[in-house]
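In order of appearance the chains are A, B, C and D, and numbering begins at 1 in each one.
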Amino acid sequence: MDVALIGLIAMPLIAGLLSLAMRTRRSMERLQCAHAAVLLVAMSVVVMNVAEGSVITIGILLRADALSAFLDLMLAFVGATSLLYALGYMGEESTRGHVLHRRYRRFFCLFNLYLFAMLLAANVDNIALMWIAIEGSTLSAALLIGFERTKAALEAGWKYIILSFVGIALALFGTVLVYYASEHVLGVSMEALRWEDLYRVAAELNPTALKLAFVFVLVGYGTKAGVAPMHTWLPDAHGEAPAPVSAMLSGLMLNLALYAVLRFKSIVDRAVGADFTEPILLGLGLLSVAIAAIFLMVQRDYKRLFAYSSIEHVGIALVGFGIGGPVGVFGGLFHMFNHALAKSTAFYAAGMVMLRRGHKTIERVTGLVRQMPLVGGSMLLATLALAGMPPFGLFVSEVLIVTGAYGRGQWMAYVFLGLLAVAFATLLSQVFRMALGEPMEEGVPVTDRTRRFTASALVINLTAMVYSGTHMPGFLHDLFLPMTRLFGVTVEIP
Amino acid sequence: MIESIAIVIGQAAAYLLVAPFIVGLIRKVKARLQCRQGAGVLQPYYDLVKLFQKDVVVSTNTSWVFTATPYILFASTLAASLLAPVFLSQVPFNFAGDVITVVYLLALGTFFLILAGLDAGSAFGGMGSSREAIVASLTEPAMILSIFAVGLTAGSMNLSTIVHKTALFQEIVTDPPPHLMAFVALFIVTLAETGRVPVDNPATHLELTMIHEAMVLEYSGRYLALVEWASALKLLLFLTLLSNVFAPWGIATERDPAWMAVGLAVWLVKVSGLAVAVGVIECMFAKLRLFRVTDFLGVAFILSLLALVFFYILRV
Amino acid sequence: MGGMRPDIASQMVDLCSALLLLTCFAIIAQRRLSACVDLFALQSVFLAGTAALVAFLTGIHHIYIAALLTVIIKVVIIPRILKKVIERLNVTRELVLNVNIPPSLLICGALVILAFSITQPIISLGFLLTKDSLAIALAIVLIGFFTMIARKKAVTQVVGFLVIENGLFLAATAAAYGMPLIVELGVFFDVLVAGLIIGIYTHRLQDTFDSVDTSKLTELKE
Amino acid sequence: MIETSLLFTLLGYGLGILLPLLAPRRPRIQNTLAHGAAVLGSVGGVQVGAAGLAADAPFTVSLPSSLPLLRYAVRLDPLAAFFVTTISLVGVAASIFALGYVKEFYGRYSVGALGALYNAFLLSMTLVVMADDGFFFVVVWEIMSLVSYFLVVTEHEKAEVRYAGFFYLIMAHVGTAFIIVTYLVFYQQAGSFSFEAFRNLSEPLPQALRSVVFAAALVGFGTKAGIVPLHVWLPYAHPAAPSHISALMSGAMIKTAIYGMVRVYFDFLGGEFPWWWGFVILTVGAVSALLGVMYALMEHDLKSLLAYHSVENIGIILMGIGAGMIFQSYGLTNLAALGLLAGLYHTINHAMFKALLFLGAGSLLYATHTRNMEEYGGLIRKMPWTAFFFLVGAVSISALPPSNGFVSEWLTFQSLFLSFQIPDLLMKMMLPIGAAMLALTGVLALACFAKAFGISFLAMPRSSHARHAREVPPAMRAGMAGLAVICVLLGLAPMLVVPALDRVTTPLVGESIADKVLAEGGFALMPMGTGFASISPPVLGILLVSLVPVALLLAVIVGGKLRKRFYKTWGCGINLTPRMEYTATGFSQPIKQVFSTIYRPTVKLETELMEESRYFAKRMMFETHIEPVFQKYLYDPVVRSLNAIADRLRVIQAGSLQLYLAYIFVALLLLLLWVR
């Protein structure tokens, strides 16, 4: 199983370097498909093992407990489908001559490195190395966002770089503060940076230092998670990045950043008690939902639309963690998972529309269901899932979180429900306009070769969405118990 | 059982035979008040017979609804009148329906009459139907409330129970004011429902004013006869309600032939008196504009409401 | 303890970090772009000095490596890159300010006070030798951050960002006696790559917008 | 028994969902599979309902889910059984109808998807009324809304259909939010979402929370039921859907809301509430009934007209239930039972005749391809069967004796009149006023359906559509016939219906009143046996049927043999053309005049005179509208203000990097200060 974990993390790196050597599109497709397959296999081995209750540790560097495995699950699954999708998307771009083969190769190299950085961050057993890995992912993401060298793309990339570098810097300061506190218990050593040992001695760490550290970490990684008011880069980046990248950003990057925040939360809670972190998370969460709801209303660009919906959902998850308690924490985690699936699906569909119509203006898009049944349909379904409709998991998690909120105080629940309703209405009104009706422009249909990949990616995601919404798979179920215990609560699942 | 059947038949006969006479009486009274000789009170009977024997002209546009309506109208009106006591306070069909049933049975007739008015496809019929619809809809609430106000005093909504108890003063707790108001309200309703002045003018065929006549404009021969008879029946039914519900005294409370005969006579006197009153009113008032009718019926509604309120106020 | 009295040693460390802080103020007060870069280089020198001093006083040797790397990367390479950028992109040398200089200085003063007051409760944790460094580090981070807000040019934002980095480095080395070496290396690597990528981007920006005045980058908005 | 028929039902619907999607892409096959399966499923549903009504103890099944707090729990008590029966009966008829009706959609829309969604819709409705767990309820409820949304937007190339669907989904979702609040209040107390726990809470809810429950449930379920002023979506959504779907939505779906209210007020809260709850319900009911029918009168779109009548009838149902609640709060349990019984009776009646009427409207649409009444006319000769069934529906909904509508409205009248037993003077006076409003509603409904039937079916065809109409295929006729028969039976055989309903109300109110309501060996209804009032629908039926021959007899005796002559209608000397016929607009004109304060009609008249003489008009353009009061003054302002706010706040995302940095900086500083 160590092999599996190492393979899981190393595979993207290898694939990334290899992909620079790929001469033809076909060879690249072979490579990436193999890559995706390996990812899935390794991931399932890791997840299964962890689900049985074991914690995989390799040396002092790697450690996969339930939370990491949970991240691995999302990273590998969405990563794999987005690889498939990227093969289609970028392939189309290159056949249309928008992207030279050189850059086509570079794209996949960066794409895989990005995945590698994120997988590493999720499994490394060291707060500082995690920071380094996340910084690495930021760097590769920065290049991916500006990949299409349009003015807008460059601007988005620049803003992303500056904002997220600043954020990440603050996160490092927080990390240093934790180290500063921990080395007084564990001495100047590697141990002072390891989750394992931090959990062990958390209770003895200096509360004030941890509080300050948490603030820096929250603001820092929160910037990457797109938590309001640090969200401002997010719509630009998601809007301008190539669709596969947007999918990765929304589906994985945000969750990874949340993961980092959660890790620190679990330590800080042990030291100073949950009632320090929860109000902060709650406040920021509600703020994010509110801001997202408002901006969904005035949105004219469908990729930005989904970007804002990501902000909303990160907010919802934060509200869940802010509420705390079994219901809240479970709701938050479950929400992260389902959001990863739904949002990546939505961006896949959006990308296909982009390829077909060549623009991102909502007003000019209609009749998707008629014109491209699969794409239109999956966009509709994904949006309904994002809006919080059964039979999709986001509905369940939202109801759970509302239930928790009501426990915390009636009015919070009412406000939360109100915001959700507004977001629901605004998001759906925009997407229905696009999905239904008669198509008003023909656009350029994609080649069958492209469709093979994109369609399979869409179908796989959709199935996963419906499945996890109606019935939670056993291994996930087994992951959740230890995960929630990490936050000092135990959720009882029938 | 036989007895009951006999009584039912007798009651039906009474209604059917007296109805034309009432119409004739009203016409006579009007004529006299207009200083005319006027036709004899029996004229309506001759008219009916003549109409029954005449050929029927049916419009080619019409459907079976048009031909069925006269019979349905006649049947429903007669059925309704079987629920209201004439000479015997306890009618056999008492259990079969209360005042609401009466109202809705009449509504059934109105419904089909409206359809018939539309069926021929002439503008007159449509006009009549639409006006009939509005008038009918404005009268119902007043009617139900007013009878309810009276029904409360007798603790029942079944006409013959009301009549019976009132006649015998059984557990009756009556005060003049609500009774009077309800009476006036119901009287106004009567004028409206039976298409008398000032709501409608049975004597006119001027398309601007007519309501009921416009609806039945396409009818002829026996169909017309049935319709006319039914409307006469309706008028009589309302007058009977007015007389027997509000002042049932003299009506037979047991099945004793002599007494029933007396009851019949008393009833005849009462309804004739009311008929005269109707005739007088028809001469005193001019027909109202259609949209003034609302106010007129509004008065009826308010009165019945007040009757209700007073009933309770005087209880406390 | 190379035979030196702790209080003196700590005073020396404090002196160095204080100089770091002063250079921050100098950068804020500076109108000329190239001078800003020079000042950053100077600050990095002080930083390296502080690190070396800590390494010498505590005898934790890998901090020397950190100091060395600092000199190489932050004193030599990055300033040179920036200078090149400034030269080639013939950026107008006058800075464009969001906030004028006197208020900026006042704000920065406030930030320093804030930094001290926030860190005050946990200073006690710190090693006697470097007890004030944490506060100073925080102050530098905040001031760097403020610089990025107050200045419009892309290059100055980079400088601001690098100042933040310096603050972090100070915190890591002085306050916490340096992180494990591998971490240090990783951090340095990242900083380097970050510098490169920023360089690439400034190029592309220049090519497409023919200016690096970031206030022009306001196309993407609601 | 129940298990088997329940399994049968689920199997039927399940197959109905899967088969059409898996079947080859031939619409005919898909249609047969989908709606055939639906017929099976709904027949099973009827069995389930009947068995549930007959059963002595509630039937429960519960499967654990893998998600926290969620239990797939199902419970079939008499109340649920009653609604299952209602839904399934409509289901059977609509499915048979669909077998013919869906031919319209061949080639134009995906019949497979339509059929699958149709089955899903039926299934979700059945599960909604059977759910025994708050969470599960909300899930199926929301699925019901979603599926029906997709069915509504079947013809989504039409802009108005898209608007209707969107409006509907939003309203439905908002309603669901309120339902969630309702259940959350209970959850807080009970610590679980199971209805069992809701029913017997450890300690009863404090009054404040009970009021929250009341309000939330009223708004939440009221949105789905379409009570004024939450009804605005209904006249858009119901007509927009394919007609057999409209029949299901108006006939069955909005009844689930009634179910929800009864469940919450009588079952969960144990029927303990202050008098004003009942009064609010009663008032809401009366207002909905009156406004519903009034707006219906102004419609020329047959399906919108029927939709508004759903609002009206929901109002009537709520009047019965509201009266029941008032009695309940004064401890007059037997009267409470009567009111509830009246409401439920009207529920099933409305389900039947409204479904029948919508199917009739569907047939007209199928035959003429238009929904505009002004283009019908004379159809009684083209499509006699449809006409007859529609007439049955019209008579029933106008509550004319001896139809089922009459019986249930009569019971409602009684429960309102018997208010004189209430100790409180205000209520004594208010309920009869409610009765007056009910009377007004009834007659306006009569006028409306006289218009609907008369304009659509009688006189001359008003357009080529109507001229070329043909009778609809047998399957569609069969669907309508079934419902027509049920309507008549429900009217003539209350002695069968009342005891069944009594089984429903007894556990809710705690008193059985069947024997008190039925008299004369079941042939008469005499509420509370006090002889206050009584009717005997069967006798009335016999009376009417037997008096028609009497009339014939008289005619023959007096006039001898009937001699008919046919001639065209006299048109004042010129040939009568359809353009001279009275239109639907004209028919309802007086009513519009009389109630103009409510309609606020706007009239626009343009006359272009001839240049020769100003006494001759070249052309005249007349147009009149009635003001959509609720949208104009209630909904639009909300939307507008939200948009305005959003527009203001766009400056947040102004695009300036320094600004964005400043956000982070400020957030950081604030948090740092907060920590300190």
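Just so we're on the same page, a contact is a pair of C-beta atoms (placed from the backbone, for glycine too) under 8 Å apart; a residue touches a chain by one contact, two chains touch by 3 or more.
Only a predicted model underlies this, so the values are computations on that prediction, with no experimental measurement involved.
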| remark: Winner on contact count, chain pair B-D
| field | Inter-centroid spacing, chain D versus chain B (mean Cα positions, whole Å) | value | 35
| remark: Chain-centre distance (mean CA atoms) for chain A and chain D, in whole Å, is 44
| query | CA centre of chain A versus CA centre of chain B: separation in Å? | reply | 79
| said: As a quick test, compute the distance in whole Å between the mean CA positions of chain A and chain C. | reply: 31
| Residues of chain A touching 2+ other chains? | 158-159, 162, 166, 170, 208, 212, 235, 295, 298
| said: Where in chain C do residues touch at least two different other chains? | reply: 118, 145, 148, 157, 214, 217, 219-220, 222
| Touching pairs - complete list by chain label | A-C, A-D, B-D, C-D
| Touching chain D in the complex: which residues of chain A? | 158-159, 162-163, 166-167, 170, 208, 211-212, 215-216, 218-219, 223, 229-230, 232-233, 235, 280, 291, 294-295, 297-298, 326-327, 330, 367, 369-370, 384, 389-391, 395-396, 399-400, 402-403, 406-407, 413-414, 417-418, 420-422, 424-425, 428-429, 432-433, 436-438, 471-474, 477, 491-494
| What does chain B use to touch chain D in their complex? | 48-49, 51-65, 70-72, 74-76, 78-79, 82, 93-98, 100-101, 103-105, 107-108, 110-111, 114-115, 117-123, 125-127, 129-131, 133-134, 136-138, 140-145, 148, 151-152, 155-158, 161, 218, 221-222, 225-226, 290-291, 294, 301, 305, 308-309, 312, 316
| said: So in the complex, the part of chain D that touches chain A is made up of which residues? | reply: 64-71, 135, 138-139, 142-143, 146, 153, 156-157, 159, 162, 165-166, 169-170, 173-174, 177, 180-181, 184, 187-188, 642-643, 645-647, 649-650, 652-653, 657, 659-661, 663-664, 666-668, 671-672, 674-675
| request: Can you check the complex and tell me which residues of chain C touch chain A? | output: 60, 118-119, 121-122, 125-126, 134, 137-138, 141, 145, 148, 154, 157, 161, 164-165, 167-168, 171-172, 175-180, 182-183, 186-187, 189-190, 193-194, 197-198, 201, 204-205, 208-209, 214, 217, 219-220, 222
| If you look only at chain D, which of its residues touch chain C in the complex? | 650, 652-658, 661-662, 664-665, 668-669, 672-673, 675-676
